[in-house]
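Next come two complexes built around chain A: one with chain B, the other with chain C.
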Partner chain A sequence: MGAAPASRDVTSYGMGLAAPLALFFLIFFVAPLLQLLWLSLHNDTAGLHWGLGQYLHFLTDPFSLSVLGSTLLLGAEVTAVCLALGFPIAWLYQRVGPKLQTIIILIVLLPLLTSVVVRTFAWIVILGRQGIINATLQSLGIIDTPLKLLYTQFGVVIALAQVQMPLMTLPLITALGRIDPNLDDASCSLGAGSWRTFFRIVLPLSLPGVIAGCTLTYAAAITAFITQSLIGGGQMLFMPMYLYQQASTLQNWPFASAISIIFLLAVLAVVSVFTTLGRLSRGYGGA
Partner chain B sequence: MIMNRRSLMTTALTLGAMKAFPGLSFAQARPLVFATFTGSWEEAHKAVLVPAFRKANADAAIVLDPMLSVDQIAKVNAAKANPPIDVMLHDPGPALVAIGQDLVEPYPVEKSAYYKDLISEAQEPTGPAPFFQVVGLTYNPEAIKTPPTSWADLWKPEFKGRVGITNLNSTLGTGWLVEIAKMRGGSEANVDPAFKALEELKPNLAAVAANPGALATLFQQGQIDISPGNFNAIQILKARGVPVEFVAPKEGAIAFKTTIHIVKNSPNRELAFKLIEAALTAEVQTTLMKPPYLIVPTNSKVAMSGEIARVLAKDTAELKQKFVFQDWKKINEQRSAWIERFNREIKI
Partner chain C sequence: MVEAQGGRSLVVDAVTHRYPSGALAVENINLDIKGGEIIALLGPSGCGKTTLLRIIAGFIAQSQGRIIIGDDIVDALPPNRRAVGIVFQNYALFPHLSISENVGYGLAARGIDKATRQREAQRLLELVQLPAMAERLPRQLSGGQQQRVALARALAIKPSILLLDEPFAALDKNLRLDMQIEIKRLQRVSGITTLIVTHDQEEALSMADRVAVLSHGKLEQFGTPSDIYDRPQTLFVNTFVGSTNRMPGVVVSADRTAAKVRLDAGAEIIARPAAASLAEGGRVTVCIRPEHLQFVADETGFAGVVGMSLPLGATVVHEITTADGSGVKISQARIGATHALESGAAVRLAPLAPSLANAFPATL
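For the complex of A and B:
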């Protein structure tokens, strides 16, 4: 052993402990990402000629832009559905006894315990022509011919909302749990109705949870390759499938890389909007 | 050398790494690696081809590493000088990509004992075809009482909202589009007629699946009653009790050559050759033709039997007459443009 310990800076330990993870990220995340960027800056599939051709191709092509747009829109729809359905569950969780709380948590977590593929196949069974929804509606005499639910935008949104629901509900439960219940009572005793209390007290204070939930749900929904392709089918093109098509079927890696970089930036933009809102809401919550 | 904590750590890590990645130190002495396809292909090869190969070659070590064609190409490309795979298996499209990127060793035809027994379409000097994949019409016999006979039947008004197809990501989807083009006066170089025909097919389309596997699910769920389908995929569904039947249309069933290749710079070239030889033998192909595998043979000495003789062809002569082979060199030239066009135009 050398004489090092005597002169060692105490703070260097912290960095040392983080090193393995940092190294892991550097090798398996940053390096491939840089390679992706490098590849996307080439005009030919062999990667010999530098240029911005791939980006120009994507950004001047109305079809590619519409794929990006519809993917971002899909994320927004799924997030809205998750928020609308998840908030009441989280709110309910804070107002029931411990037994019911366990049941709610179990129900919320249950989807996470099965694989996405299994959950998605369940939705094929539910939404199909002879599926549960169509069979029920037909036996009740509400419809004559089966509705087309599978391979529609509606189907994709509903299935994704269920698949990603825990990502919304869990942060909401945590956020709502942090709100002092006395604030509700105080608001009521000062003459506010329940709606007013909700919009002026509960909602603002739960905003950090709402934003965390929205970010997670959004990011998961737009990148959900399996659910998108199994429920949406081959004619509904979203970014992950577009990427796969270019990389896997056509071996056009530079264009696929450019698509991923653009997709990455678009998602980062949306997420940073969420984070900015989060920062604003912290100020609001503290006021 | 003074033994301190750091040098001890380094030694331990190195030893650990050598244990975890034996390829680091013994790159030359690895077993033969055969990249087959996943799923039923892997099962068939593990059960039939590998034992036959090992029996003929003094129990030589072999590893099956199942992966998609595109991954095989990527892996070999990443280490051209010392490829991690010795034998590749490819559909016609990817095979041409691999050959084009100079990843494939020419097959030593003059050394081969079985190459000349293959039917002429399967004889490829870049890598022979030990199996065919066949695409025809798939239908649900419970919903469709008169079996379809032609690709044109998909356009019949009675199948309104009952037809399924796949997009062009798959070999099946692209091959089918070309066949439709041919039916309407087009060719591998001109698929305009097929896109026009697709436009007319829209009222009948219930689903455009993202891959051929998804079509199977759609049959199971009653979402579709008729579609183009892969003979082998249908047999798997049938065996599971799903009501589906396969029929070769009168225009001819589309046959894809699944070709097998020796990877360029493979350290196990000789064994790779031996494995491919085993795949070409009449014995292996006869076993693979029987249930549950039902893989269409390419060796003309194999006597057709069972389901394949019933729905496809009784002998090589009939097979040649009933199968349609496509020019994938031509198809690959324009495939990306077609995929783009399909993306844009086919919205239902």
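For the complex of A and C:
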């Protein structure tokens, strides 16, 4: 960001323009984070004794670890479902006419236009004992007793996948749209079939979008407090709810802070794995 | 049919293609291309030349007609089984694969092992004079180098036909000439039947053994570059290829080889009838290229007044206003300052030879 007046690059701007946002983040993000870290380093709720006791407690407690594990697993499942369903949609989007494109983008964006709470309640209506799925299956005589869909891992994954789908589909659409359509033709004319073209050309070149989509979906899925709690119900405990219980119900702020920090590090670890995977592939940053 | 080494013949047999909307993209195109020939498909944008290229490659299934490569009707074959090599206008190199992997891609699709692939890629890169680039990525190469790689990649599959889609459009002028020479050299070496799609007439005339001129989806003329330039069959070919003066007139008398035309500009000249027969008394357009006109001292030819003279380096172009008020351009080799004409001078012009003036039935 050199401000050499002789040859001023019109595309570079002074860092000063970023200062308001930087200040905002400093006050409302960095400062609370540091406070959180400070809190977590106390062994008692009163905040008198320094120590790593909260971390030791979490890392030696099988229950806490299982909550962390199931949350990370939930994120992986939701991401996998979103990728499996979102990639074909994004791929289709790049190959249909403008009219269908409008319809697809509307369907993709529609979830974003309603609040998460509303969408989640819609899923309760769909998945419940007397819900749409069970009612339909029963009236068709396929099942006698209602299936347990609500308050299950399956229900949470399906609902979260729908709620987070735009986060996967939009980066994928962008990434696939950046691929020169001539590459498809080139690959084909060189004798490659559709599968080879997909795995050797389309998939590697769309990796930046896959990474971005997976990172966003994963981060959103494991922190989705509302959907997790409403669809998961009382029987399923994930990190956001665990954290909330410790902080609000039990007033154990140091332990809640430690949970936050551990959760944050776990998320960062997973995200950096995604990013590293992307860097390893040569398609990253190319084209 | 005698074929050069590796070159297979290509027949485009009465190919018509309609868009889903019903509009005609190409209409009844017939091309009979011998093995080893270089053919240019020349036409303005939207004339259907790219559609025809995509039909030959197999990306578009034509509505009617057949494509025959060698002895095989290939209409039922998808692009990946036609063994047609294509060099795309933007080269379409795979950005995430090394140059060597790009060149070897077609061989990999054929299940050829890696060692053989690399050896073959290296051989082809030497052929296109880029032996040291194997490990680089496409974006690290210049435009001309990328095109050589695209060419090597297309040649690697030993295609029966090589298609080049506007191959020189993205190159600057000097590089363009180098690449034209390079492609012609490679074509000679490999003897591969080559089809170049272009809107650049100079490129078509200089590179191709024969040129097919297309307009609005129809084949206007298919002939050697000198046929196209000197003996155009249609007014479109005459005006699209090279520059020309269009002079309206009336047929005084005509037979199959010569027509006497009274020009509106005020002279009777002998012209070559481009259509089989011109009706006596019918209106025609006579096309005479600027370099095929000369100043005459006697009373032949038509009169005019010098307007502007443009020295264009090797030639000088004079703009002459004729008696009927239309403008005519004459181009002359620049020989000293003697040809400088004063604005307003009265001159008389005539074609160099009757065969260099082409008469077409006037279209309304």
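One rule holds in what follows: the second predicted complex is superposed on the first by the 268 of 287 C-alpha atoms of A that agree within 3 Å, B and C clash if a C-alpha of one lies under 4 Å from a C-alpha of the other, contacts with A are read in each partner's own complex, and residues count from 1 in each chain.
Just so we're on the same page, a residue touches a chain if its C-beta (ideal position, glycine included) is under 8 Å from a C-beta of that chain, and two chains touch if they have at least 3 such contacts.
What you see is a predicted model; the values in this text were computed from it and never measured.
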Clash or fit, chain B versus chain C on superposed chain A: fit
A:I104 touches, of chain B and chain C: first, second, both or neither? neither
Touching partner for A:I261 - first (chain B), second (chain C), both, neither: neither
Touched partner set for A:G128, first chain B, second chain C, both or neither: first
Touched partner set for A:L183, first chain B, second chain C, both or neither: second
Chain B versus chain C as contact partner of A:G193, first or second or both or neither: second
Partner chain in contact with A:Y151 - chain B first, chain C second, else both or neither: first
Partner chain in contact with A:Q251 - chain B first, chain C second, else both or neither: first
Which superposed partner A:I201 touches (first chain B, second chain C, both, neither): second
Three-chain overlay, vertex chain A: chain B-chain C angle, C-alpha, nearest 10 degrees: 150
If touched residues of chain A are counted for chain B and for chain C, the larger one: B
Three-chain overlay, closest Cα atoms of chain B and chain C, distance in Å: 49
Touching both chain C and chain B, counted on chain A across the two superposed complexes: none
For the chain A and chain B complex, residues of the former touching the latter: 1-2, 63, 121, 124-125, 128-131, 148, 150-151, 229-230, 232-235, 237, 241-242, 244-245, 247-252
Chain C to chain A touching residues, read off their complex: 57-59, 78-86, 88, 90, 92-97, 105-106, 108-110, 137, 139, 153-154, 156-157
Parts of chain A lying in touch with chain C, wherever the complex brings them together: 180, 182-183, 185-193, 196, 200-201, 204-205, 281-283, 286-287
Footprint of chain A on chain B - complex, ascending: 4-5, 68, 70, 73, 97, 161, 166-170, 173, 206-211, 214, 217, 221-223, 335-336, 339-340, 343-344, 346-348
